Structure formats: C-alpha cells, structure tokens
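There are two complexes below, and they share chain A, which is joined by chain B in the first and by chain C in the second.
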Partner chain A sequence: MRFRWGLLLLPPLALFLILLGFSQFVFLQSSLHEDLGIGRLGEAFTLSNYAELWQDRSYLDSLFLTLRLSALGVLVTLFLSWPVAYRLSRATPRTSTLILTAIVASSFVTLPLKALGLTILFAAEGPLMQALRALHLVDAEFRFLGSSFAVEVGYVHLAVTFEIMMLFSVLQAIPVKLEEAAAIHGASRFRVMWRVIIPLSLPGTVSASLVLFNLLSGAFVSAVLLGGGKILTLPVLIDRTLVLYSDYGMAATLAMLLLALIVTANIAAVFVASRFNRTGELVT
Partner chain B sequence: MARVDLVKVAKHYRDQVALWPTDLTVGDGEFLTLLGPSGCGKTTTLRIVAGFIEPSEGRVEIDGEDVTRLPPHKRQIGNVFQDYALFPHMTIAENIAFGLKERRWPRDEIRKRVSELLDLIKLPAVADRLPSQISGGQQQRVAFARAIAYQPRLLLMDEPLSALDLKLREAMQLELKRWQRQLGITTIFVTHDQTEAMTLSDRIAVMDQGRIAQIGSAREIYESPRTRFVAEFFGQINLAPTRATTAGDGFDVATIGDTHLKARPLGHAASGRIFVAVRPQHVAIAGTGAIPDGHNQVAAMVLSQTYNGNLSHIQVEALSEIWTVEARPNEYDVAPGSAVTLHWHPDHSLLLAD
Partner chain C sequence: MSVTAPLAKATSAQNRSRFGVLSLRPHIRWGGAIGWAWVALVLLFIYAPTLVIVGASVDPGKYLANRAFLQFPPHGFTLHWYVSIPPSLWKSVWISFELAAAVAVGAVIVGVPAALGLVRAKFRGRSIAAGIFRTPLQIPFIVTGIAFLQTLQWLDGTLGLRLQSSFSGLYLAHLFVATPYVISAAGSAIAQLSPRLDEAAASLGATRWRTLWRVTLPLILPGIFAGAMFAFLVSFTDVTIAVFLVPDDMTTFPVWVYSSIQNDLDSSLPALSTLVFLFSIAAIILLQRVVGLEKVLRGSGARG
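Entry: the complex of A and B
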C-alpha cells in the first residue's frame, strides 16, 4: 500500500488546534464574563468587558499605540533591510553565505540581552546621547529608557535580521537574467528596480512585512524592558491586567482586541496589495 | 544598422583567462556566429558587447563609437537570451513594448509597433497573455520581437534555440534567418551547434579556449579548417598524426610509418604535431576496379558498419586510428574483419596543425 504523505500533516494540525485554537477559544469565552476580582469570573454571559474597551480611553490608546509602533517598526525595518537583502541576493555565494551566517549568529544574543545592550548604548551620560543632545536631536530632559523611541529601536533591532533573511529569499528568486534583459532593452538601474525587481518582489515583500507586523504587535520583551513600564502596548497591558489586577476577563478581552488588530491589518494589507496590478502600478 | 569592432578585447578573472586579446569585426547587416564548446569564450565575448561585463583590456566600438564604458541601457542593442528572460509579470504586449516604453514612445505608436511585431512573429492572438501561458517556441518568438522592437543597431542572441526540440529548432532557424535578412540587422549569434551555425551565418568564428581559432564562411571553415580542433568541431573528420611532411608538386607529402599521403599544403606556419585529415564522405573503399591514378591509398581493416537510412557508416582501423567511411547503403559489401584498401583524391586531404 502506498504511504499517504498527506497524513503527516495531521500531527501539526492537531497541535495547531490544541495550542492555538483552544487557547483562543478559552480567551474568547473568558472575555464574555465579568471580573469579580481576585481572578474570579461571573457566571452570566455579558459584553460588559467589550463595552469597557470603548468607555475607557486607555484601552483604545493602547491599541493605537501598538498599531503605530508596529507599523512604523515595519516600515523602518523594511527600508533598512530591503537594500541589504537585495545586495546580498546579488553577491557571490561566498559573500552572501558569510554575511547571512553573521546575521543568524547575531540572533544568538537573546532579546533581553539586546534590550540591555541598547540601554547601555543609550545611557543618559553615554557618548551617543551626548552627541544627540549636542546636535539638538533630543532635549536635555530626554531619557531613552521608557520612551516610545526606545521601544521602536528595540523593535527594529529585533526585526531587522528576520526581515533581511525573508527578503533575501524573495529577491534571490528573481533571476539576474531579467535585470539584464531590462537593462539591455533600455532601462537604467533605477528603471530596472522600478519596473522589474520591485513588482516581482512585491508579493514576497508584503508577506514578509505582515509576518513582521504580527511579530511586533505581539512583542513583549522589548516593549516591557525598553518601555520601562511607561509604554503600554497591548501585550504589556495584557500582562499587567493579568499579573497586577488578576482581571482574567479583561485580559482575555484585550487578547481578543490584539487578535482583531492583527487579523484586520493582515486583511487590509492583502487588500491594498491586490489593488496593485502585476506591473506594480496602482489600479484606479 | 551598424558595424561592430572589437579591438584587442580581453577578459580575465584573477589569474584565469576567459578571453585572450581578440580582434573581431562584424560588418553592417552581417550575421556572425560565435561557435565553440562551453568555456571557449563565446558567451564572454557576447556579454562584453552587451555591456554586462567590462573587458579587462581593449575596447568595443559600434559604428566607430567607443562604447566600452557605456552601460547596457545606452548601447541601443537588442538581446535574445537563452531562456528568453521574458518578464513574468508583464503580458506579451507589455514585454514587447518594454524597450519602447523606456524610450518614451507615444502610446499610439507603441500599440501600432507591438501589433506589427506580433504579426511578424505570427502570434497576433497572444498579446494579453502572460509568458507562462504560452509555449516555449512562442516565448522564443516573443523574446525576438522584444529585442528588435525599437530597431536596435545590433542584435545579440545567446543560444536562443537551445531549449527547443529538434523539429522546432530547425523551423525557427529558418525563420530567424528570414527575419534577420528582412530587417537587415547586424547580428551576433552564439551557439555550440555546428549545424545551426552553418544554417544561419554569413560568417562563423570558431572559438577555442578563449581564442578565435578560425573565422570565415561555413564553406571556408568546413573545407579548409586550419587546426585539428576546428576540423573536429566542424563535422566529422578522419585524422592521423604524421612524422614529417615534404613539399611536392602542388601537394605536400606526409609520411606515416611507411605510408606516404599527398595532401593540400598547410598554408600557415605551425608548431607542434601535424595531422593528415580526410572527411568520411571523401574516402572510398577499393573494389574490383582499378584505383584511379594519383589517389592516396591506405590499408585498413573493417570493424563494423552502421546503417542510418540514407547513409551508412563503416568503421575501419587505418594507420592505427579508427576511421569512418561514409557511403550509400549497400554501396560496399564488406564484412567485419576483412582487409580493404581505402583511397581518395589528394585534393580532399588536409594537413592540420594541432
């Protein structure tokens, strides 16, 4: 009898359903009960938690902060990574292997250590901050730790290696022959980019950016360590609601809100990307 | 239309030579083929003309203008790539219009030119399809149309037919030749296929180890190859190394063991070994009749015979080499193991440098 390779998909599917589906279901269910304090939930189904999201500005502020920081993080990372990934995809295999290995090796440094490194680098009396102050880029009162700038730097620091590797595989799949064909038939370097490389890499770039957005929306370590408890993104807020107040219902509601943000952003991105036709021009 | 001059063009990578200093002129409207095995420098030469690689030495001129440092997009060249390199995200019409759009042709004129070209390549109905939706042969035609769309002064083709099956390839060869004649465009064509080179070219440059070994018309090269490499690459040939040659009356005489063979003189200075050579179709096997006066004669033993329909090939051992005699089917009734005498007119005998 022939072995059905499709069966190998079942264990990961089961794992996915149990770990992800089940926990989300628990969150959804918890979010529909009122908090009675010290971790107890009311019996009756109610939408009061969701009503509170609207009434208390701080929750929506947290949502918009998360959206803003993540989206900006994605954009900055994209602009930093794309040229690097492109250059690597066109380098000799020796060079690209060497540099990609270095990039992978940089992920040996775990997130808390990276965050710590940043706080040392941006210490108030350190040379970097002195230089920034001398250039009037920050004022005298500015403290790195606890600023949204710090969280953003942490995000980009975390994201840039992922993004380079993801974009590298996207760009490497575009044959150099196509660039040559465009060049010989009259396209300058800029036009080759605009008419061939960017449109062909667009789908891959969009999905890489979405992976990044999802990662940053849920980023906890950078936000908590570099935000110094002052930058309340949704993951930080969820943690507080759980650990400080033991409001499991509200924490579950916030988890649902985070999920909704990520799902909406993904759908919106796919929709916008599909508005561009194959040649990368906006369809009107 | 244009003339191309390569002046002492060379390319080396560190200590590896891809192309020795090479001079080459392609005349206005000429179809010149660079022919050779892989690694002979033919593609390097083509890519230097295109501007994809910069030569280490020498210069490239198009119509007397030095373009050596000019980037590809300013050279006014069309190029057909081996795997076509059509833009997968553009329709056939957009692909053909690529160079026109880069040159800011007005929209109406682009549309007119594209439909004109689609007619030329006999594919008027595929304009709105993507390259992945048409066949390999059709893609090949589209690649050609894209390359000539803006009337470039020079057309380059790098093994454009090698991905097609034999039947289609032969049909495309004739069409390419016809289009090229019709447009009168100067063309440099790269291939490793000797038959293809002969079918298409006005002149052929046979390349070997980074050098042009010989350049000339297909007939010149086939009938008067200068070296053993060219003779062997350009059709089948029987060879035997000779110890000494002496000048005779109109022919040189080559000595192999105690056999003396008359052959056309070498015509150029050569160092190293010299070979006597004769093409299989010029060799006859002596029968009951007399061997014509003045013919070269060689004793041989029949090894085997193969039948190819319109031809038959007889493998023989002669002068300690394996030779082939090409004959009509049933021309000779020779059994393997039998001793025979081979003969041919000395006009068909060549001397070749190693």
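Entry: the complex of A and C
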C-alpha cells in the first residue's frame, strides 16, 4: 500500500491558507473603505484611497525612493558578499563553517541594536566621521542620522548576512573540478571566473538578489531608526499613516502598493532569470 | 588580520596536499590573500555595530540619556551597568525567549509534516502548495504585522474574542513567518535522503510509521534543528510584526529596545544586549556541537 504523504501536508496547508487568506482579505477590504479619522472606516466601498495614491505626489515619491534605495542596496550587497561567498565556498569545510556560524551568530542581535551601534559608530564627533571629514569624503554639516546614506548602510548591513548564506549555497554547488578543468585547458583566472563561475552562478545569484530586494523594500526598522523620520520609504510611511494618523484604510492601500512593487519585481526577475537560464545552458 | 591568518594557512596546506608539487589550485583560486582580506573586511562590517554596543556597555559615562554624547571607543571601563540592569528588562528578555522557543517548537510541529508532504507526495499543484508556504517570506513583515492587527481586531469585533494584544495573536503571526524556515531546512534534508533507506526498512518489516520515526526523522534531525534555530531567530529578533501585536504587559526585548531608542535610552541597555548576544553565541556553539551546523549550512541557504 502506498503511503499518502499528501495527508501530512493537509493540516499545515490549511493553517497557512487560513492565516494568509484571512489576513489578506480583511486587509484588502479595509483598503477599499474611506478613512473617517480616529481609526474608523466608512461603510461604502470606494476606490478613493487608490485615487489618492495618484493625486498626492508624496506617495509616488515614496514608492520611487523605496525602489531606488532597495535596488542600490541589492547592488552594494552583491558587490560585498559575492567574493565572500565564493572564497568560503572554496575553503575547507572547517573554516567555512566557522565563519558562516559567526555570520549567523551576528543575526541574533536585534536590528534596533545594530541601528544604535551604527549611529554611535557614525557619531559626528566620533573617530570615523573625523577621518571621513579629514579625507573630504563628507562635508562638515553632514549628519549620519536622518540621511539616506545612513538608511543605505543599514540596508546593506541587514542584507549582507542573508546574501552570503544564500550565495554560499549557490556557489558551493558549482564543482571546483570545473574550474580546474578550465585551468588545465589554459584558461586564465579571469577567464575561468568570467566564462565558468559567473555564468553557472547567475541563476542562483539573480534569485538571491530578488529575495534581497523583497527584504529591503519591506525593511522597516533600519529605515525608521537610521532615517530619523526624514527618509520616508513605503514601510515608514505605512507605519506613520497607521500609528500617527490611525488611517487604517490608507495604511492598507499603501501596503498594497508595496506588495505590488514586490510582485512586479518578482515577475520581472523570473522573466530575466529564464533568459539567463537559456544562455546558461548554452555556456555549459 | 590575525583572525584570518590561520584560516589562510589551513587552506594553502590543503591545496598542497591535494596537488603535490604541481599546486594548480593556488593558481586558479581567485585571490587567496585578497579573498581572505575581503572576507575579513566584510566580517568587520557585520560585527562593527555589535562591537560598538559591547564597547558602550563598559563605558562609565551615564551618557545614554543624552544621545549627543554617544561615542565609540568608550571613555573608560566599568562593569557597573551589568550589575544595575533593572528586573523589568530581564523580564522582557525572558518573554522574548519564551515566545521564540514556543514559536520554534510550533514551527517544527507544523513545518516537518509539511516538508515531508511537499517532498514526498506526488500530486498536481505541488509547486502551488510550496509557493503558499513561501509567501510569508515574500510579504514584508510590516504588511504581515498590520494585516494580523486588522484581522485580530476584526475577529475580536465579530466573534467577541480577545486576540488583539494577546500572546496568541502575536504567537500566530510569528508562527506564520517562522514556519517557512523549518519547511525549507527540513525539506532539503528530506530531499537528500535516499529512497532506498525506506525500502530497506520496509523489507526488514518496519511499518511506515516506524520507518518515519526510527529512520527518516533521526536522519533529518540536523535539518530540523537548523530550521528551528532560524525560526527561533526570526521570532527572537523581530520588531516589525511584534510592535503592532505585542500585549502591553508583555513587551518583548526587541520591541523594548526599539521604543527605548526612540524615546529614552536606559544606560544599562548595552550591558543587557551584550549578555543576550553572549547567550546566543553560547547557544549556537552548543547547537553546533550537538547536531553540527555545517551539514545544514551546506544543504540549503538561510532563506531557501
């Protein structure tokens, strides 16, 4: 008799569908009601919240700011973490485990503490800022807290641990033998990197960057604490709309906008990744 | 860097032993020294804010009430702040720990059967089911937080429950975002098992349940532990969801840190944070010794 593994799946799936369906449904329908102030919603269905997204310039500005900061964060994080993941994937298991464990351990420090640490590190009178000023990298009036640079540093800091873990599993799946084979046939280091490792790791790198984009466009704590209330990304705006103004309808609408941004990015990336896959097959 | 010097040596020793005189590997390896220097720099970046907090925890100045004087390196050395941690802060750490441990257990109970079903059942729409289990990772936490807040308010309103600002509400939301980690880690462990193990157990007369209990589960235990660790991690460090759902009398540690940074900093915050971090490291080393994290780190990424 065949074992029905599917039966094991049913209770968890039901729980997830209830949690997901319920919360998203209540949420979607509250975005379709007008805010009457002090957290009350109008009775009638209306699209006025969505219309307001177009009319009020600040909402679209916030969308573009979120998009820009997240995309830049993804690029910088990729630049920082790809070499680390590659080096670790080619190190002895002992070494790579040690370093990866250290990286995991660092994520047990909650985000607001890291934000506080970064703020202290970049304090105006601190040695780091004095050095940056001496090198004329920043001018005298520059204040870290409340700058988009601070939010970006927070984003990269948050993302880099995730990215190293994800890229490590992508890169260590590429056998070293392929590199050796290419080298034996006379390929230079650059050529091995450019024609073997990068093409083979591309699909994994694209999907890791996508996860990163999702993570950063929804990043809340870093943006609030390091942006000092001046850098209004969508998550920050959602929080303000809800906590300061109790506009549940508008907060839900903004959350829908954030979800739409993420869904669009996902679809675009799936499209791009499928093209990369095709060329990847040609290369291998 | 003193940290990486022994590591670099270990690798080059391995290279020599495998390739003898020819030593092909150092040639094709991308920048041995440069590579490790990069690793060291990124590690320094990752740990810099934590080191700053550790430094602030021994700073004698009671400067934290006034943010303008926050500075690194510290002005001196004292352990005073470690002694004067208020009991209410210890309580918040304990609440976070209880919540995260309960979430990890719940995520295993929900996630392991789901992973078994996802990997082993052959049915149409399996990828859709897998997609549904992944959604909590794709929805931003702030959206999940507000969605749960509104749902709980709505349930309280229509059914007369008291879920909003209750432990159960927060627990459900954390379970929702933490379970995918268990599913992904356990799933990749299950996928690596050879189906012959099940056949062997069956041919020796074991029932399905006995095979599951005595063969499959012990073999995937490292995966389950790793998933549970990430589930714990998500719940233990979460601010974004908890800030909307946390009961007034049960502030978790991250929420407390978050609100105290925005309002009034307690001078013993860095000391307590340092202790929490040290406990976390001890727990990870323990987990490493008991189950061996490397199997897991190699199997799947943190966010599969």
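Simple rule for what comes next: the second predicted complex is superposed on the first by the 269 of 284 C-alpha atoms of A that agree within 3 Å, B and C clash if a C-alpha of one lies under 4 Å from a C-alpha of the other, contacts with A are read in each partner's own complex, and residues count from 1 in each chain.
Here is the rule we use: contacts are C-beta pairs under 8 Å (C-beta built on N, C-alpha and C of every residue); 3 or more make two chains touch, one makes a residue touch a chain.
Being a predicted model, the structure only gives us computed values, none of them experimental.
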Ask   = In the superposed arrangement, which partner chain does A:I198 touch: chain B (first), chain C (second), both, or neither?
value = neither
Touching partner for A:A269 - first (chain B), second (chain C), both, neither = neither
Inquiry  = Residues of chain A touched by chain B versus by chain C: which partner has the larger set?
reply    = C
Task = Using the touch definition from the top, say if A:V138 reaches chain B (first), chain C (second), both or neither.
result = neither
Query = Is A:V84 touching the first partner chain B, the second partner chain C, both, or neither of them?
reply = second
Ask   = Where does A:E180 make contact in the superposed view: on chain B (first), on chain C (second), on both, or on neither?
value = both
Query = What is the contact status of A:V221 with respect to chain B (first) and chain C (second): first, second, both, or neither?
reply = second
Query = Between chain B (first) and chain C (second), which, if any, makes contact with A:A71: first, second, both or neither?
reply = neither
Request  = Find the residues of chain A that appear in the contact set with chain B and again in the contact set with chain C.
outcome  = 180, 182-184
Request  = Over in the complex, which chain C residues touch chain A? Could you list them?
outcome  = 7, 10-11, 14, 24-25, 27-30, 35-36, 38-39, 42-43, 45-53, 56, 67, 70-73, 110-111, 113-114, 116-118, 120-121, 123, 129, 132-133, 135-144, 146-148, 150-151, 154, 172, 176, 179, 208, 229, 233, 236-237, 239-240, 244, 253-254, 257-258, 261-262, 273, 276-277, 280-281, 284, 288, 293-294, 297-303
Ask   = Which residues of chain A touch chain B in their complex?
value = 175, 177-178, 180-188, 191, 195-196, 199-200, 278-280
For the chain A and chain C complex, residues of the former touching the latter = 3-13, 15-17, 19-20, 22-24, 26-27, 30, 80-81, 83-84, 86-88, 90-121, 123, 125-127, 157, 160-162, 164-166, 168-170, 172, 179-180, 182-184, 189, 192-193, 208, 211, 214, 217-221, 225, 235, 238-239, 242, 248, 251-252, 255, 258-259, 262, 266
Inquiry  = For a test of understanding, state which residues of chain B touch chain A in their complex under the given definition.
reply    = 50-52, 71-73, 75, 77-79, 81, 83, 85-90, 94, 98-99, 102-103, 130, 146-147, 149-150, 156
